[in-house]
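These notes open a run of structures that come right after.
Next come two complexes built around subunit A: one with subunit B, the other with subunit C.
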Partner chain A sequence: MSTATTAATATAPRRPRLSPAARRVLLVAAAMAAVAPFAAAHWGSGMWPGALTVHLDGPLGRVNDWIIDNRDSHWLFLYFFGHISNAVVGAVRAVYVVLLALGWAGVTAGASLLAWRLAGVRAAVTALASFAVCGLLGMWVPTMRTLALMVVAVAVSVAVGALLGLAAGLSDRTFRALRPVLDTMQALPAFAYLLPVVLVFGIGVAPAVLATVVYAAPPMARLTALGLRGTDKGVLEAVTSLGTTPRQRLLTARLPLARRELLLGVNQSIMMALSMAVIASVIGADGLGDRVYQALSTVDVGAALAAGVPIVLLAITLDRTTSGLGQEGHNRTRTRATAEWATAAAATAAAAWAAHGKTWPHGLTVHIESATNRAKDWLVDHLSHGIPGIGGTADWAAHYTGWVLDPLRTALQSTPWWAAPFVVAALAWAIGTWRTALTSAVSLALIGVLGRWEPAMDTLSQVLAAVAVTLVLGIAIAVAAARSRRVERVLRPVLDVFQTMPQFVYLIPVVALFGVGRAPAAAAAVVYALPAVVRIVSQGLRQADPAALESARSLGATGGQQLRQVQFPLARAELLLAVNQAVVLVLSVVIIGGLVGGGALGYEVVFGLAQGDLATGLTAGTAIACLGLMLDRVTQPTKAPAHKEDA
Partner chain B sequence: MTFRRKTAVATAALGLLTVAVTGCGAADMTRQASPYANAAGAKTVTLSVQSWVGARANEAVAQYLLEHELGYRVDTVQVDEIPAWDALSQGRVDAILEDWGHPDQEKRYVRDKKTVTDGGELGVTGHIGWWVPKYFADAHPDVLDWKNLNRYASQLRTAESGGKGQLLGGSPSYVTNDKALVKNLNLDYQVVFAGSEAAQITQIKQFAKDRKPFLTYWYEPQWLFNEVPMVEVKLPEHTDACAEKGAADPSTVDCAYPTTPLRKYLNAQFAQKGGKAAALLRNFRWSKADQNEVAQLMAEDRLSADEAAKRWVKRHPDVWKAWLP
Partner chain C sequence: MTNAGSSTTRTQARTPAQPPVFSVRNLWKVFGPKAGRVPADEKLAALSPEELRERTGCTVAVRDVSFDVRPGECFVVMGLSGSGKSTLVRCLTRLIEPTSGTIAIDGEDVCGMDKGALRSLRRHRAAMVFQHFGLLPHRSVLDNVAYGLEIQGVARAERRAKAAEMVEKVGLAGLEGRRPGQLSGGQQQRVGLARALAADPEVLLFDEPFSALDPLIRREMQDEVVRLNRDEGRTMVFITHDLGEALRVGDRIALMRAGRVVQCGTPEEIVGSPADDYVRDFVRDVPREQVLTVRRAMRPVGGLHETETGAALAPATTVADAIEAVARTGTPARVVDQGRCLGIVDFQGLLNVVAGLDGTQQEPGPEPGPEPGPETRLEKAAA
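And now, the complex of A and B:
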């Protein structure tokens, strides 16, 4: 097509030229115009026609029944899945027993000393305080369970991820095959991962660990591969010229040079694993997540908070400790390092011995549940209605649902089914490639084929509305942060904390403020996605060429003009990336919103799990995956020409 | 190349080692206990908690007695009704204390696989139905017959029900025939699912505060009746023929919900080897009033489960002393 259009523009140079994006949109529109009359005549212009759907409920239900009936006798379970399950359970149990044997004093001392050795004094203090608070809140045992599950899941994730990453880092073919898979997995909401493992393993700790591994291994694999492939060519050549074998090159040059990526991979894996380990309480993971889940299902905000705080603290501790990895200790001598490790181990053992391996003493707990609930009731009474001028949170929730979500949902659901894939393709192609356009259109169509069109449009309306809110707020905050150093300094720690929190935690406060329904899901999604958007956009704005800004200022441009005409256009790539991130992050929380009345696809997954009706759950889970893939691809810009086209 | 060959050898060796370690024997899929059970010398009982507050009341009192009277450690895991049966059969939980009648699961696990055993009656009789608030029924007494429901559809319309009357559905995990009933009785209603029981209660309270009419899936015993008095709408009478038809194909149900004596179920192995804990759970039997007392302490007075159980246990030693083995 490019030759034809260039020829056309060449013969008529005076006509205003269409940008490539507009040309692509026109092309898609033409294709749609060709298909539409036929499709509309045959199947109407409402929602996805029933004639074009495939019903998987029957076969999936039979698979589920077959598994339950044969699980105790079939060799596949007795000799394969059974051993996997037992190995996982055994490993988690072993770690848990060790943690219990260490007792509260041993674990707290051990964690603090580990943090100190790995990341310095500040991390150690964070660890000490965090574990103490977990105990104080009466959450010691659940915390240890989550920790035991995490240790196993992270160990497996890092091992699997590193192996995959190694393969992809060393072989181009593996890399090409693996990259789209890993990219896709990063765009999928956590909920979509739960059902396949439940189908095979039932509900319990083993499937929870496996789902966590599937979720947490990709970042490790990605970063390992990137690290290995990014090795400086000059260094490699130099090492090769010394006559090294491939293995020597790997061990002495490529791996050490990829150290930063590897450590970042470990950090990412840990954070993803924590996020998933908590969500996996929906499939029986026990521990802190289960406490939050129990509390959410009775809208007991106090109990949810008591379990949510340890999750947040655990997240912060793990993040500080692992992101600080390798930043200290370089300048120490080996003997001193060994001595310090030995001291740390001895101190841990001493603490464990002194506390006789006890769990946190009962007398030393603080119950915040009823106080929190009273505070929450007060807040709801005073904030939910009739604050002069701005209304209350319940009013906002009602307005957001009635004025934004409902019309949007109606609009999406009444969009002709044949038009939607073309619209999506046009949007994707305008900023991306024909590949992303095709993938997104096919994903959307697949949702229709699965018969989940209506709930998917409902979910989509929630995502779009929340993304819009996120972008407006995020860009406003980012502009403020980019203009003032002080705002940025205040914001940075806040963003750090918010970015490390598992998605589940966000549901707690919003249920208190907005009640139950689609509005709280949206609020949680906005808060969850905001930090990433603020960070990316403010970085983009600050990178704007100072010379360009200076010249704009010298021409007398106002602050707003500078922003609109210089900074935003120059930060186009970052803005697009922010949209992409916002979409992916918002979707993941909107889906979890099914637990607090968000409805649509998220609810169907919850329903499928609750009723043991895995056919419903799996179909909805697949639709969620398709929606995630579609949204990711639609907003995925091509990297290379982004700047040139506008300049 | 040597590197690649070595990797291959290493992989093969690792595979062999895995087989050797896991043993060539078969895994027992009916003993998939939680990794946290019986750790560090504690005797553990794992109870499945369901989301409705009545079941939480059973569980709270059972936990209190097991921990304070018999010295067990009790773990609770939130599992929904049907997955709980599966977890029970695999030994991931030891007991369900309140089951609302799942004939399919009972046949599969109790009679066919024999991995679950009946733990006797809970002592409480459960009833599911459709209910309207008393203030609405007083003003319009004929709404209490299902045949007149369509005349009130327009009054029961909401934003979520799309032009039809709203029937507020229960939590996704509850036993329900609502969609089939609406279809088979030709009712001009849309089942709107609140998403959880807590959400449903919030909605009902909101409606009651504004004195608005509503129609909801609800069940007895439930403490909410003390706060929002409701009257049941009469559906076509529940018959055995209708129940059989419904068991074969749930989408054909066209009669009221049955009245179910709630039952307890135990994992078969736990029932045999669970000692005093299993005996206590088998003997556990109390009345609707007892359950409501604890449920209300938890849901309305916002006491922790432990505290609510403690208060009930203090007040009613005559009831629970008989359960101790």
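And now, the complex of A and C:
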């Protein structure tokens, strides 16, 4: 704060030349100066004062008890939630039965043929190989369980998302109401969605599916709405001028023209659903996620890997199959397409019949668990300590925890509680609007009111440190990729794969390397957030106006000068977006890190679920949501680039 | 404005039996909050655009416009960007809802139509061609052309046959299966034209249809429009910002500025007798001899001998052609209409027109008479 005051005195005489950002920061600083003495005198300057805390444990516990007592008797559960729950469980079971009836041969053949029809031969080969490996690893049954859950969740998400998107696409008012909700939902970590559904539905498959739907429907809704609203105005006018009814306009122009967005929405919904279906193992979804979860809780890296590999393969297959949808034209004639579909269906049926609907044969499995564990032990023995010069992974983890995380946590926790919201507001207002500033400050204060200040500051310290690492690494890699075509060519497929993987999977390798604690959680977060940052920043750097670059070169600017003085300033919007994405993605993994000893808010959620202490879990979940909202809004730049810089 | 009334009376005198296709009276379109109060309030209506925006936050796109579109003519609305011409043409079928005033099509009130009647108007009576084509990218050329019929509920086989005929007519035969994205700009606009023609509308509305095209293609398309107008007698309202285009295709031109029609008349009237300095400025670079006719160049018959000698020219002959005739014979030429000698054109008169010295002499403009037939005028303009 002292810097702000000195800046104020230094720049006071030249007030008219102050940038708007500096003026806003000064304004917030002034507000804080007015409030601080009073707040400090009354409640001290340590962590959030107990006097300003609302204890929700009691009421929430009573709600929880009431729900448990009435779950089998109250009409709300019997006739509403009960039916939903039964329908979901029934649907998942039906899909599972069908998958079992198709047998390993039928499913593999069917998936490959579907991929072939939708996305071509390469996707088909990917699908074939992926399912074969799932079987080989002895993970056929869990894979089928996850797939069944996914099919139901995706179907519901796409349907719900498309309906919401349709409503928002056709009505301005719905769009205005829905948009901030969808934006916010997309910024919240997956863990925040678990508790509310558990509260109502308990633990099991139904809440897992519903949590997945809540998590996966927003992108579909969002893209549908954007697609419908983005219809070329000229086309719409021309179509109107021919005398179409609104319904004809929707069916013959707006929906077909939104095809790309709709299919992208389906793709994103599927990827989000997979991510959540795996995480939902924490609340009772069985399948691959559950295997990973069980294995991680006993630090059995081999078992975790055996279940993790199918997840990754499933993710790649699903992404390859569905991401190509938007690009494919209508080159084939209708009759030929029908014939191909018929062939595919017949081949699937034939394969299913030939294999007599069996699960993967036992003789054909390879057990990698013990081999993996041996390799991991070797890693631990040889890499964790005492490599001359560079130390080892355990040393790095210890140093990161001791030299970075601990001091940062101490600093955050010893920041006066009344100062934190003001600092956050100043940061948010400097690049955003007063709305984002207010939202972020209030969100942070709410964490204090909920009494989760200390763990939230712990989580925040992990997030900030991991974001810093992510940005340094990400920008360095992005610069390399933007400057060299070769680096970019090598990097692109890697980024593609990394971006499709569910968050959960990243925990497996980091546990193998760094053991348990806050450092592996940070490592997983960095790895998870890195691809998005690299992609956004390198895109921004490459999109820099070639004419500006050329003129800089013609003036004799060096490569570094071009980068600093032309490319970075021109890519300002992308850099800010990269920061925002890094924060959101890192937070989501840091929270999941609670499963591998990350502690703080994530652990409280896991603890709440494990102990059936929903009051603790729910307050922690709300605090996570608040933290997510706060971090997202602080890093959200103003939408309109109208007054980007006053020259 | 002033000329709109007089030309109306003149046409009605010429073709008393045919009522106008479109009849627009005191049309206003105001964008902004509580737009309706602007035309209603005389004080507000009198304000300049800047003052009005400052005081009410409203922008006037079309300001008290009246005109008639007569059957079979190509009525051009011309103006620079922002003059309100595109808004005006959209008001005709209420793609943009007018703020006040009346629009009638064949005497039927357009503003009072309910949704169904309006839709039927758009489907069957007035079809529009757009600057940016407005084609559906996911449909083939044939299906784009058939689209208008499809939404009318015409059976598949019938509408495809009709569409194929239209595709043929605009010269796209063989490209039926292509998608708009695979066509050039000129071809896309031909698809737009075929789509508009498919429903066989009474009026074609063109909104700067050729502005996005290359000059050569533009010329071709203009000839196409002229041909449609001449051969099929299709009524057209044509919006453009290009004076050359307006003179080439238009039977009558309404020149707009800041939402107002500043002059409405034949190309000859616009070029020959600009209503004010703005119009004069606008038409300054037009080659006058190619637009103006010998009517403006002739002087009264001096003596009997003059009615006997020299080449005979029709009153609709352009000055450029008269110059050629006079230069070739070396003597003044006669302007003859139905065997009657109307006047004499000599070097002096022709040069006066080319030099722009005729306007002051002949104010207030040429005496009313038959307009130049489209064919003569267009041939000359194209020359």
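Please note the rule applied: the second predicted complex is superposed on the first by the 622 of 647 C-alpha atoms of A that agree within 3 Å, B and C clash if a C-alpha of one lies under 4 Å from a C-alpha of the other, contacts with A are read in each partner's own complex, and residues count from 1 in each chain.
The rule is simple: contacts are C-beta pairs under 8 Å (C-beta built on N, C-alpha and C of every residue); 3 or more make two chains touch, one makes a residue touch a chain.
Just so you know, these numbers come straight off a predicted model, no measurement behind them.
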Partner chain(s) touched by A:G402 [first = subunit B, second = subunit C, both, neither]: first
Which superposed partner A:G599 touches (first subunit B, second subunit C, both, neither): first
First (subunit B), second (subunit C), both or neither touched by A:T245: both
Which of subunit B and subunit C A:I431 touches, first, second, both or neither: neither
First, second, both or neither for A:L199, with subunit B first and subunit C second: neither
Contacts of A:V25 with subunit B and subunit C, given as first, second, both or neither: neither
Contacts of A:A610 with subunit B and subunit C, given as first, second, both or neither: first
When both partners are placed on the shared chain, which of subunit B and subunit C touches more of subunit A: B
Which superposed partner A:A101 touches (first subunit B, second subunit C, both, neither): first
Overlap of subunit C and subunit B interfaces on subunit A (superposed complexes): 245
Of all residues in subunit B, those that touch subunit A in their complex: 2-3, 6, 22, 24, 26-30, 32-36, 39-40, 49, 51, 53, 56, 75-83, 85-87, 90, 92, 108, 113, 115, 159, 171-173, 193-199, 202-203, 299, 302-304
In the complex with subunit B, residue positions of subunit A that touch it: 68-69, 71-72, 75, 77-79, 81-83, 85-87, 89-90, 92-93, 96-97, 100-101, 145, 148, 202-206, 245-247, 281, 284, 286, 290, 293-294, 296-300, 302-303, 357, 367, 369-370, 373, 401-402, 406, 515-517, 594-599, 603, 606-607, 609-613
Footprint of subunit C on subunit A - complex, ascending: 232, 234-235, 237-245, 248, 252-253, 256-257, 259, 330
Residues on subunit C engaged by subunit A in the complex (per definition of touch): 93, 95, 118-124, 127-128, 130-138, 147-148, 150-152, 192, 195, 199, 205
